[in-house]
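Some structures to go through are shown next.
One chain, chain A, links the two complexes that follow: it is found with chain B in the first and with chain C in the second.
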Partner chain A sequence: MNPTHNHFPEGPSFRSTLNTRYRVASVWQALFFSALLIAIISLTALIYDVVDGAFGYVAYDYKKDPATFTSTPLEDLTKEELLTTLQANLSSGAYNKLNNEKAMETRLRGELYTLFLERLIQLDIKKTWSFTESIMRAGAIRTEAAEKYPDAKLEFRSWLTPQFLTSPMSSKAEFAGVRTAILGSLWLVGIALLFALPLGTGAAIYLQEYAPKNWLTGIIQMNINNLAGVPSIVYGMLGLAIFVRVLAPLTSGSMFGVTDTNGRTVLSAGLTMGILILPLIIINAQEAIKAVPDSLRQAAYGVGATKWQTVWHHILPNSIAGILTGSILALSRALGETAPLIVVGASTFISVDPRGPFSKFTALPIQIYQWTTRAQSEFHAIAAGAIIVLLVLLLTLNATAILLRNRFQRKY
Partner chain B sequence: MQNTQTPEYAIETKSLFIFYGSFAAVSEVTMKIEKQKITAIIGPSGCGKSTLLRAFNRMNDFVPSSYVTGEILMQGQNLYGKEIDPVEVRRKIGMVFQKPNPFPKSIYENISWGAKINGFKGNMDELVEQSLRSAALWDEVKDLLKKSAYELSGGQQQRLCIARTIAIQPEIILMDEPASALDPISTLRIEELMQELKKNYTIIIVTHNMQQAARVSDYTAMMMIDDNRSGGVIEFDKTQTIFTRPKDKRTEDYVTGRFG
Partner chain C sequence: MQELKNQFKNFDLHKKPRIGEDAIQGLLFIAGILSIFTTLAIVYELGKEAWLFFGDPEVTLAKFFGTTRWQPGIGQFGIWSLVTSTLITSFIAMLISLPLGLASALFLSEYASLRARSILKPILEVLAGIPTVVYGYFALLFVTPILKNIFGDVVQVYNMASAGLVMGIMILPLISSMSEDALSAVPRALREGAYAMGATKFETSIQVVLPAALSGIGAALIIGISRAVGETMIVAVAAGAGPNFTFDPFQAAETMTGHIARISGGDLSYNTIDYTSLFAIALMLFLVTLVLNLISQQVVSRFRERYE
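Then we have the complex of A and B:
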């Protein structure tokens, strides 16, 4: 052995310390793996729960026999036949009201068919079953339906149909759709982006490139970071106080001659969402601007560029992908926000599309919230359908962000 | 290039101090840089070589809390005078950096951008070709002008940066260890290029490499930190003198490799 003093274990005792080290490592590894496993299980449970609600058996009957209106089988009715039948059997007041919402001649066959089912034969849902039940207990469901609802038809259906996407809100779950809510959500994030992207990018450029580093900018920076974590309901209160109340002449459109509305418009809500995502956009844009290397700034200054020329020609073009990526991620937060919309006053029942910034509106999360609070199980089924729509929208946004980031990634 | 007051000098400093806050990074530098010559600034790490170099085109302005006292005179004008705009200084005194830093744009735009923002009115294609020829890069890139500058090798990128600097037709070119990130062959090409460029420009180069200073420069300034950790020029003379018969013991120790 080494003649000088040796404090290290050797041979078998070294082996045993080594084994202890490996054991500790594998315990930690197992812990991390179980964390991952729990996350995956939660995610799977979420998706399962949503899908479970959106598909399944449904028992329904007609309050009036279709034969009293037409002799043709329902599926074979043409658009013209549907139109004449509706005209003949609806009261003229009801017909005119529908005609005013959208001219009957311009409606598609599917829309007229829905009206036919809803208004004339009055399709009525007796009971719905979840996807799991429908698969596992198909036989039991059939006997149950036959016993309890002898007149009803039993059918396996998806609540998420093209018609569901294109129909406006309805008081009957089987005819309700999310078109109004999707359009409302799109208006909302559109206005929020229009408001917050230029403002946030400008603020980020000022903070990164122009502002001196002193205690004042330090406080401002700290506040922006904290604002990103403020609960969204607080932004809702802010939006209610400022956009709905104080700025009512602007947000209601009365300044521009719009009379039939108050401050609870899609504009107010969009601006509130804009304020909500502003700190996120500023922080993300600052990170993107920070990622532009100093060597590039020096190169520009070195050939006699002014600060503005450096910002405009080099810093912005090289950080724009990062700024957009961050903004899209902020938008997907806005798309899912519910609380501020309730405060600002989204309508829970509205069947007309938003036609401009001064329209009343609803949004997907509001619609989902409202449907899930209803007692009837068929509303839970369409809520599940709407959740799938919302998730697809969110995934699309996030995928766009990832694509943008990969497309414009730069190597300096 | 007329200069009525000090015809043989491109630029001179008088009792120049450069401060970062209360710390004097460079103290008491008074030197005259001769026109159309290469002046090398050498010295151990942290002695303020780069700081001094960056003072010449006011690049230190971007470091918060930095300021200078004393004067840097170019054609009799103090570059730190109140009426002087630093952008104008940088247009007259170009700079090549340690790491090649072309713009993430095409080779053509790398050259033309500086000229464009400075209001160049002549024929841009000619300017680009002429600048690339002066930087000994034209033959290699004449068919790749639309390609990204990032597709060039490190040595080519550095020559592109030199071409970019030449394109705004400065009077002085500052080089901050321009070859330290390059291989020996690329370094040699840059050194050959400098010999060509000094026919038209005054060059000030900071280098860690004493052989390089000895090979390329006409004058050498030796910098060293004093007891307050503040850098100063301890000896400034013809390069030959500095490397063969230095007056200061510390210079002799440094150039012979006894410390540094």
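Then we have the complex of A and C:
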């Protein structure tokens, strides 16, 4: 009997197809799993690529001989010696400019030493190698460096140093740091949170506890879901049009007597970020409030509490952990967002820390973007360093969120 | 009896006016309605500037949709050079993320044990949490050199293929988690029925569970496309800086989002054709993603009705 398309095979013909069917099934199962394998490999490759860039050999030389400035070996220079050497050899204009940024006497030895290397003997990077290259081909690199750059010193260097974290921006990769960028990022997410957390929680409470089931509520809800899917660069355009341009008197601080800025301030950028994360905070807070059991509400009403008393004394305390967890996740989104900051006008080069809401600013992802798009490989190395800093910050935030969730999560 | 009536006379069961309560409710309502104003502000601001752009006597719809060179500064307004690169990078991204995302969702929902799930799922979540600018670094400095090694010098330093591939990896977790939700929403009875008929696990997954979850997977696909079209940093870093009308994925070409990022990153003065043109592009982006999101929501809500 030939099994036709419409008949289920029986007997021996069934058994003969069975093995094929099982084989097909297991091949496909392997294929499905390999999709996850590709995801794992990609993640590994990405992390490897970043770490690979942040460490490795570097060949450098000095444009001017250190001996022309001082007779003591470089490492033994004291703070005072450095100060007098700098004062003696820098033009008075350049020295005063540095002094205005930060008084020279108050700078640490490390900072002065950096200035010494950067301004006087002018350390110059010839070539950098990645971590893998440095490990696998150490000998070849040494001969290459000796042939091509006979005067240069070869050194294994970590681009991610304590100094990298505490130095401001510099036009030379070897002296650049992320302090300005980290502070800018903190200001940004701080302003965004101050703006979005109360509004987002309020909106979530309204939608879950107060809103009548009518067309308006439906539209609000649908609108929030849609806003969560709007590309971030569109929020940037909104921020540019509203905060930077229309509200310039407010965001530039000219209403409050600040004169030297335009609307492209950390306040504008923070508010733009706040608008961007608002839908995320609302959606997360709604989920948290939804998880509070109805029996709590009924019990509160039963003893004569008003609606707000119920919300304030019972619903909020029971959902605050969930709301905060959601907010932290939204914050980590804001911390990594780059596109809206470019549009709103993050400064391309700034070495002064943000001092208030009306400062110009830069942020970690902006620095990563700028360094990545430079042609020289030493900038790629510091971009990798900055990525590690950003990923560690994000990891910390997310771990906090998970801890918070596990610590305060209540099961009803 | 009369005594009892007198006793209850003093009770007023009417709702008392409470000004504080009403004020709080009003404030909360304002917080709720604010999101509507955000949308209105987006539409108004983008629309206003885009109106100025199209109102410029030099800009005609024929030029906008009929030519292929985009350089508003010198009177070239052919949007296609930006649109094709957006479509090509998004297409490559979906080519990667749809099969991989769907396959991993099938594995996670139909095959993986609880233990395997608890290890595999966080990996996808980490992948979803990495900032896009980091993916841009990865595309430019890892994937592009590999492509150059494989295909040789036809691959330019900035190219759409590398940006598209990495964008696919970025969108994979989104497709995977949305598809997995759709697959797990399929009632268990359908699977049991298939097993009872003697179907293998694979046959059950593909011929029973997958078709039942198709609308949810469709929604994931649409959201994925919307993400790919709106993604900025990967293409800004790796796809190229400068509009280029080409269908060759190994060439550099700027996308709509990449163009906005590059032009607005410079010193842009208000009331110039460069400024207004960016808003016209942003309005197009907003409308395209809005329509895609609305369709996806519609699909999801229909599919929910069927099983709950």
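Here is the rule we use: the second predicted complex is superposed on the first by the 379 of 412 C-alpha atoms of A that agree within 3 Å, B and C clash if a C-alpha of one lies under 4 Å from a C-alpha of the other, contacts with A are read in each partner's own complex, and residues count from 1 in each chain.
Criterion: a residue touches a chain if its C-beta (ideal position, glycine included) is under 8 Å from a C-beta of that chain, and two chains touch if they have at least 3 such contacts.
Because the structure is predicted, anything quoted here is derived from the model rather than measured.
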First (chain B), second (chain C), both or neither touched by A:304: first
Touched partner set for A:355, first chain B, second chain C, both or neither: neither
First, second, both or neither for A:226, with chain B first and chain C second: second
Chain C versus chain B, contacts on chain A by residue: C
Partner chain(s) touched by A:237 [first = chain B, second = chain C, both, neither]: second
Touching partner for A:290 - first (chain B), second (chain C), both, neither: neither
Partner chain(s) touched by A:398 [first = chain B, second = chain C, both, neither]: second
First, second, both or neither for A:148, with chain B first and chain C second: neither
Intersection of chain A interface sets (partners chain B, chain C): 306
Residues of chain A touching chain B in the complex: 212-213, 293, 295-306, 309, 313-314, 318, 410-412
Residue numbers on chain A that touch chain C, as the complex places them: 21-22, 24-26, 28-29, 31-36, 38-40, 42-43, 45-46, 49-50, 53, 198-200, 202-203, 205-207, 210-211, 219-220, 222-227, 229-234, 236-238, 240-242, 245, 275, 278-279, 282, 306-308, 332, 335-339, 342-343, 345, 348, 365, 368-369, 372-373, 380, 383-384, 387, 390-391, 394, 398
Touching residues (chain side chain C, partner chain A) in the complex: 18, 20-21, 24-25, 27-36, 38-39, 41-42, 45-46, 49, 99-104, 106-108, 111, 120, 123-124, 126-127, 129-138, 140-142, 169, 172-173, 176, 200-203, 206, 223, 226-227, 229-233, 236-237, 257, 260-261, 264-265, 270, 278-279, 282, 285-286, 289-290, 293-294, 297
Partner chain A, residues of chain B touching it in the complex: 57, 59, 62, 64, 87-88, 90-91, 94-95, 97, 99, 101-104, 113-114, 117-118, 150, 161, 164-165, 167-168
